[in-house]
Every structure is written in structure tokens, then in C-alpha cells.
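Chains here go by letter, A, B, C and D, matching the order in which they are written, and residues are numbered from 1 within each.
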Amino acid sequence: MRLQADPTLEPASETGWRRTWFDIIYRHDTRRARNFDLLLIFAILASVLVIMLDSVASIHTRHARLLYSMEWAFTLLFSIEYAMRLAVVRNPLRYALSLWGLIDLFSILPTYLSLLVPGSQSLLVVRVLRMLRLFRVLKLTRYVEESGVLMGALVRSRRKILLFLSALVTIAVVFGALMYVVEGPHHGFTDIPTSIYWAIVTMATVGFGDIAPQSALGRFVTSVLILIGYSIIAVPTGIYTAELASSLRGGPDAGQADPRLCTACGLQGHDPLAAYCRQCGQALPPAPGST
Amino acid sequence: MRLQADPTLEPASETGWRRTWFDIIYRHDTRRARNFDLLLIFAILASVLVIMLDSVASIHTRHARLLYSMEWAFTLLFSIEYAMRLAVVRNPLRYALSLWGLIDLFSILPTYLSLLVPGSQSLLVVRVLRMLRLFRVLKLTRYVEESGVLMGALVRSRRKILLFLSALVTIAVVFGALMYVVEGPHHGFTDIPTSIYWAIVTMATVGFGDIAPQSALGRFVTSVLILIGYSIIAVPTGIYTAELASSLRGGPDAGQADPRLCTACGLQGHDPLAAYCRQCGQALPPAPGST
Amino acid sequence: MRLQADPTLEPASETGWRRTWFDIIYRHDTRRARNFDLLLIFAILASVLVIMLDSVASIHTRHARLLYSMEWAFTLLFSIEYAMRLAVVRNPLRYALSLWGLIDLFSILPTYLSLLVPGSQSLLVVRVLRMLRLFRVLKLTRYVEESGVLMGALVRSRRKILLFLSALVTIAVVFGALMYVVEGPHHGFTDIPTSIYWAIVTMATVGFGDIAPQSALGRFVTSVLILIGYSIIAVPTGIYTAELASSLRGGPDAGQADPRLCTACGLQGHDPLAAYCRQCGQALPPAPGST
Amino acid sequence: MRLQADPTLEPASETGWRRTWFDIIYRHDTRRARNFDLLLIFAILASVLVIMLDSVASIHTRHARLLYSMEWAFTLLFSIEYAMRLAVVRNPLRYALSLWGLIDLFSILPTYLSLLVPGSQSLLVVRVLRMLRLFRVLKLTRYVEESGVLMGALVRSRRKILLFLSALVTIAVVFGALMYVVEGPHHGFTDIPTSIYWAIVTMATVGFGDIAPQSALGRFVTSVLILIGYSIIAVPTGIYTAELASSLRGGPDAGQADPRLCTACGLQGHDPLAAYCRQCGQALPPAPGST
């Protein structure tokens, strides 16, 4: 829902071309608005493809000129789109400072900046800026209305998952430091941050193998770390599954959403099916509509 | 279910050998049909084994002749089977253009094509063609009737899983580009597509290690990517588990959707199939349409 | 349950030392039987430790004699135990041919065989035989009575998981062959069996990295394979979770276990809480004890 | 809950500065107590950061003096805190021997010990001791009150998960020994403990790739091991999800355990906390002991 266009955005005027274009750009329920959306998705994907191809050395050397032109073409196209978006809303600043407004801006800025910061020594910087244009991809999610359910369950289990992640990081810090002592720099565990990186890679069962224990004790500690990671990999899955199952079912959360207070004892959190307070037996007001 | 033989296929004639063979080839409920199926499964597995052994250099040099003959024997066998399948159906074109018809064709074609495209320079091409014969393996799934439940839950959660995958790919694109900038070509992140490949390998916790971050910043970004991946690995599991649990249970969804109250004792939450209250025996109003 | 001592085993005689020892060896509910069990667990773990230490080159060269004696001591101890087990049951052959009887035999046999097959050239073979002694470890599970619930859910979801695994192997075969053609022997995909091994390693998100794609196309195919694997990793988890949740809840299965038939309409499968038939309203017999 | 400050700790006196500081240090519900907690969290994180940075060779050489001073500053700060904690409780020994008391002690001891054990040859030992100071990080969990639910489900599924882990280790031992025989020392499987480490790394889908099978038979055995691991990775997830779902729901388990029937309408399945029937308002018999 937060990924939808900001509902507080209003057209700059109720009639005229600004109203027409507002409907085309910000709404998604007419034929013309949908065509505009499809066109934009196509342009975004194409521009990302151009950036990706440009990064491949063999393609860059052969088609540098073409890719450079296309990059500018897309940048101009998105600049016009950005100007239009600003022009047709009543409060352009609100759009410009919203999450999507910033992403729209960042996806055109780097190309312009690459003109101001020329020279061979700034190549690396330019690459950083160009990378930002890939945030364009994020725009795609705006068009997915259905992500609501999945996103909702994720947002509701956010606190629990953050808690879990901090427990994970704590274990990674302790085991990272332990492995730094046990294995030491000559086995690849060059410092504690590197060891922590290794511990995260190991606990999450990624296991690149760029760093790996080589002593017997190190391998034993690693086995223990893996078994710990393997035991708690269940936790985020459990959190999310329980949350999603309950939201598909309209479950405990629906129960919590039941706003009825007992008029006698003040107890909240009644079963939506309940007609009487389970604590004092007082008749409850009718439920505000079942889930 | 979609993996069953196309139910719209009809025998070419109601009597005679074509009817007999139609029943043997396309049906699975008589003794002869089952024997035919078993024979075919055995032939498919054996032919795949021959192709696999032929690819092992040491075996190929010693038994080239034998393996070559066997490959041709299986190809002829499957060609006869393919001809029979065409011969006994009323509408051969419908079979030929169905998914299974195409797989059946592709599993015999490469061997014939290897005669037309001879010479040492085409060895690679021939291998590509031969590989296609392995699609024979896919035929096996046709014989598994029980996959219905599992497949059903997968098909029903298809949209949600696709949505999840596109979110995953979006994150992979952004982080791939980021790592391309942070680590650069001299650390193995040679171009953005390669970096995206690396990001997918990392997020899915595969972690080959053929490419791995080597700078401190790169390792920090990798840790963040891994923690993101680790947090959302729960999503497809949650989707599928909730879907499967609800279909095994015949559904809380179904239960809650049933709005009927017992007129005698007021109990809600009846089985949609129930005609009488399970608590007091009172006749229930008719269900508003089963799920 | 199948891992318990075979309940069909009966003491060789109802009195005397054979009865006494039968109770000590095969039962687990007296003080002496428990002491015997603990002693056996300790001996098994110690003997496995000896084998493990003996395999470490630096320890072997220093303590070869000691470890050799201990290995023989444990072998004699387990041989006596095996003879006792045979002696105190009424039908020794039934025990000898049961799963546990065979494991007990295989855990002592290799040491004796190493006497008959001497000579330096056969050392490798002897090692194979010695490895079998590690099956002793499997004995440990016999003592875990509680594994019943977990094992039960695993056994009940056995068919579904096998189906899933064969789908996994089918995909691995097709993608293995595809990668053999795409990457070829000079990138490590030396033959189709090796490629299939690589595909399994990749789909299961293990990702050793001993073999990894190096061409752009190969990396694209790998990404697709990983996304497929990532989408269906949910399947076994979903199967098992749904099965376990339902057995913890006494759920649909318990419902099926409710043996009450409606005396009027014959419907089975009532809610254990139900007092009246949900189909015809007939009073049900009392439930045979709630789950 | 076990991670909270020990509820049996009592202030040394009911009035005076000791009471004041007891409330600041051990309680978390006043403004000053919260400020103290925040300050302590900040100090812990900063001190861990200093240790981490000190381990990076390039930073150590440039800022050795600064980092050394900061390490001593934090050590003194935590020493004062430790002394305060001892001073304000009635029974200092009970605190000192509690889990948190020991962690608090271990997080300051190593720095002092590094004075007593000087000399270049003992540098490695000092590193071991310094690592222990990272246990400070563990203190952080004390401040997370919400981890109760997640921790509770983990604690309740503890037995099942331990059982699962021992099954995992058993399989790892058998397959480790098998691979030691199949692949042998010249392929990296130098001894059985190393092979077991490899089997754990493989089954848990970490797959570093530092050791990998190279023979055809070894790769086949590895594939089997991976498929086994892939099938049972569902088990801890299933256990935890089922446990968490049931505790979020307030539980079918709880519901089923409550045997009370409403004497008026006969409804069963009441909340164990309920004193009145939620359907008809009738007073319920007292619950037979809450779950």
C-alpha cells in the first residue's frame, strides 16, 4: 500500500490538459493510463538493459556510441516524465520529496552529473552515480497492486524478524571473534570484521568458501555454528508462515482488531464470535462486522 | 492434471487394432496399458543412461560402438512409438502440437539430425541436439498421478510466488549493480549481468564462491544482502505451507466463510457440508453455496 | 516405532538367567535395563571416537598400538553383547535378520575380516569394511523413544516427499545435460553425470563452487535453475509442516481417527467435539476419549 | 524471561543511594533507568567497535595508541558498573554467580589479565582473552523484552530440535566415514573428523567447497547426502512453525486441554482464562489449572 502512488496527491486543476495528464500518469484505471504504465515499464526495463550491456567490456568497446546515445535518450524521456509529474500535481514539492519522487529524480540525475564531473580520474565516481539510475527498477513495484497481502504479512512480522536478525548478528559477532582467535589471519580470518562477515555467510548457509576453517578446532567451532544456524533458520519462516496463515484465515489478528470493550470490566481482545464477556459475563455490544 | 494425456484425444476408430492400441498407449487402467507404461518408463530411463554414459570420456572411448548402436535402437523404438501415437488418434495434429507431442518429437529428432549435420566442426551442435533427447525424462511425470495435490497447491500459489521472485530479481539487480561499483572488475565482478548472477547465487544461499567480495565495504554490502535474503527466504515457504495446510484441512477459509448460525443454540463455524448443528442437533439453514 | 526393539521378540524362557538378561537387554523400564542401556551408549560413542582418532594421521602414528588394542576390546565387547542377544530370544534368527540385528552384526564383522584379508595392497578394502562399524552409531536412535512423533510425520509425508525428490532429480537431469552442452568439459562440466551432480548441489542451495558456470549463458541458465530451486524449496517444508501441525493439533487426521459412525445415516469423520451427526441430526455415541 | 534480570535480586537497602542506584541499574521502567540502559547499550556497542577496529592491521598500526586508551577507558567504565552492581544488591554473590554476573565479569577480566601476561610470545593468548570481552554483546539481549514469544516457542520445541540435531549428527558421522573411505585423504578428506565436518557443512546446505568430492562415486554419495539433507531441512522449520502458530493462536492445544463444558449451552473449547461462557454468559466452573 505504501508503494502505491501517494493518495494525497491531487490534480493541479480540475479541467484542462493538466487534469487529463494527471489521470494518465497517476491513475491506473483507464485504458490510456494503463497504456502509459505499460510504456513506462517497457522504457524502464530497456534503459536498465542498456546500462547492463554497457558494463560488459566486449559490448562497450563495439557499441559505445550507440549505448551512449540510448542512455541519453532514456534520460531525456524520463526527464520529461519527471517534469510532467511535477507539473500536473497541485503540490509539486510533496511529490518531489516523496519516496517515489526521490527515486524518479535519482534515476535521471547521474547522467547529467557525468557531464559536470568529467575526466578519466572520475570514472569510478561516475559509475557510482550511474548505478543509482538502476533505482528505476524499483519503480516497477509501483505497478504491482497484489503485493499488498505478502507485504502486509511481512510488515506485521517486521518487529519479530528484526529481533531475530539482531540475535543472528549477535551470534555472528561472538563466533566471528572466536574464529578470529582460533584460526587467525594466516587462515584468511584477517580481522574481526572479516570473521563476522564469514560467520554471517556461514550461518545463513550461503558458504562462499572464500574463507574456510583449516584447523581441527576451527572446523569443530564451525560445525557448532552451522548447527546453531540450521536450528534457527526455522525462526523467520515460522514467524512469516504463522502470520500469513493467520491473515489468510482472518485469525488471531482479526481477533485483536476486534475493538469491543466490555462495558462492565473493560476487558478487550474478545473472540469476534463472543456475545458475552469471558471475564465477567456482561453482554457485549454486537461485533462491528465479522472478518 | 494438466500433465495427464490430453482428455480431448479420442481413438481414431471405435473398433479394430487402432482402438486396441489407443487403449494400450493412452489409457492407464488396464493390465496391458500398465505393462506398456512400465516398459516405456524402463526404455526412457535406459536411453537416458546411455546418453549419460556416452558423455563420460573414458567410457565413450572404450564403448563408442555399443553406445552408438543402443542410441539408434532406442531412437527407432521411440520413433515407432511416436508413429503409433499419431496413428491411433482421431486428430493426429492435435496430439503432435500438444506439449507431450512436441516432447515426444524432440526426443527422437536430434539423432536423425545428427546424420544430416555431420563433420567434426558440428560436434558441438550435435551435442546440443542430443541433449534435447533428455526431455524424454519429462515423460516420466506423465505417469505420476499423485502429483495432483502438490502441483495444485503450487499452481494456486503461482501468482504469489511469481511476485516474490520478481521482488527477488529486483533486489538482485540493485545489489548486483551496487557490488559492480563497490568491488569492480578486478575482484571478479566483471560486469553488471555477472554481478546480478552473483547476487542471485548469494540471496538464494547457494554461494558458489567463484566470485566473492574482497573489500571491506563489499563484504558489508554482502552481509546486508544475505540478511535480506535470509529474512525473505521465509516468504515462498510461508505461501506454500499456508496454501497446502488449508487444502489438506479442507479449509479454515471454508469454515469461516460459512456464515450460518444455529437457530437453537447459536453456534457458528459449521462445516459447510453440515445440515444439522453438531452441538444441539437442530436443522441448519441451507449453506449459501459450497466453496 | 519401527526403530523400537521388535515387539515380536520374546524371551527364550520364562525363568532363569535367560529371562533376566532378556529383560536387561531388550527392555528399558527397570533400573538394571537402564544402566545397561547407558553403558552400551557410552561404549558405542567411545568406540566411534577411537575409529575417528585412528583416522587422524598424526594420532595414528603415535598411538597406533593403543588404538588397535582398544578397537579389539570394543569389538570383543560388542561380540559378547551380540551373542547374548542371540542367546536370550526364543527365535534368534528373527533377531539376526531384523534391521537392528544386521546393524549389530555389521558393527563387529569388519574387525574380524581385517584378519582374513591381510597385506598392504588390500588396506583400502579393509578401510571400507571398518567404516561399516560406524553403523554402531545408528544403534543410538534405538534409545530415543520420543522420536516417534517427528518420525511419524516424516513417514506419513514419505510418499509426497519422494514424489518431490523425483521431480527435483528430473529437473536436475534436464538442467545438468543443458549445462553440459552450454559450458562443456573445459569449464569443469566434464560429463553429464558430473553436471547432474552440479545441478543437485546448486538446486539444494549447497553450492560447493568446485564447479561453477563461467560463460554468460551458463550463468543465466544457473540463475534460472536457482530461482526454480528457491521456489520449490518450500515444498518439502510445506508438506512436513502441514503434516506435523495437523498431528500436533489432533486435526484432520484425528478427525479421521474418530471411529464413530452415525447410527442413522452411517456418516463417518465427525468432529471429536460433535454430539450430533452433522448430516442427519441423529445423536452420536459418546466420543471414545478426546485426543 | 530467563534473560531478564534475575527477579530474585533485591536492593541492599530500602532507602539511600543504594536503593536509588538499584532502581537505575536493575529496573527498566523509570526515565533514569531507561537513560542508563541506553548509555550502557551505547558503551557496549562502542567498545565492541573498538575491539573490531583494533583487529584490522592497517587501523591498528596507525591508531594503536588511541585504541589502546579507549579499550582501557571502556574497561574502567564497565569495572565501575560491575562494582556498582555488586554494591547495590542484598546478595552480591548471587549476582556474581548468575549468568549475567559471569558475562559482566568476563567482559572486563581479559584487559586486566593482559597486564599480567606480557611479552611478545603471549600475544596469541592475550587475543584469546580479549575475545571474551565481546561477550559484552550478549548483554544487549537483556534489553529486549519482546524476545519472550519467539524464545518461548524455541524453548518449547527445544527437545524436538535437539532430537533432530542428534539425528543430523548421526547421519553426518556415517556419511563422513563413508566419504573418507570413498574419496580418501588425497581428495581433501584427510581424516574422519574432517569428513564429518564436511558432511555437516554439506547437509546444512552451507557448502564451502574447501573440500569437495572428486570421484564419480563420491559425487553420487554426495548427491544422496544432499537429497537427504534437503528432505529433512523441513523438520526444524515444521517443528518451530507448528509451535509458534499454536502459541500465536492461543492455541488449539490450549483449547483442547481445557475440558470445561458450559453447564447452560454445553459449548466447549473455552479460553483457559475465561470465567464466563462466551456464548450464553453462564458462569463457568473454575479452570483446572492454566496451561
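Here are some notes:
Everything below uses one rule, namely that a contact is a pair of C-beta atoms (placed from the backbone, for glycine too) under 8 Å apart; a residue touches a chain by one contact, two chains touch by 3 or more.
If you're wondering where the values come from, they're calculated on a predicted model, not measured in any experiment.
A comparison of the A-C and A-D interfaces places the larger number of contacting C-beta pairs at A-D.
Legend: contact pairs of C-D compared by residue number with B-C, B-D or A-C; the interface matching in over half of them is B-C. With centres taken as mean Cα positions, subunit C sits 41 Å from subunit A. A straight line joining the Cα centres of subunit A and subunit D is 28 Å long.
Within subunit D, the positions touching two or more other chains are listed as 56, 193, 196, 205-209, 233, 237-239, 241, 243, 245, 266, 279-280.
Across the complex, subunit A is touched by residues 205-209, 237, 241 of subunit C. Residues 159-160, 163-164, 166-167, 170, 173-174, 177-178, 180-181, 184-185, 190-193, 196, 202, 205-209, 212, 214, 216, 219-220, 222-223, 226-227, 229-235, 237-239, 241-243, 245-246, 251-252, 270-271, 273-283 of subunit A are the ones that touch subunit D when the two sit in their complex.
Taken together, the subunit B residues at the contact with subunit C in this complex read 48, 51-52, 55-57, 124, 127-128, 131, 134-135, 137-138, 140-141, 144, 146-147, 149-150, 153-154, 161, 165, 168-169, 193-194, 196-197, 200-201, 204-210, 233, 236-241, 243-245, 248-250, 270-271, 273-283.
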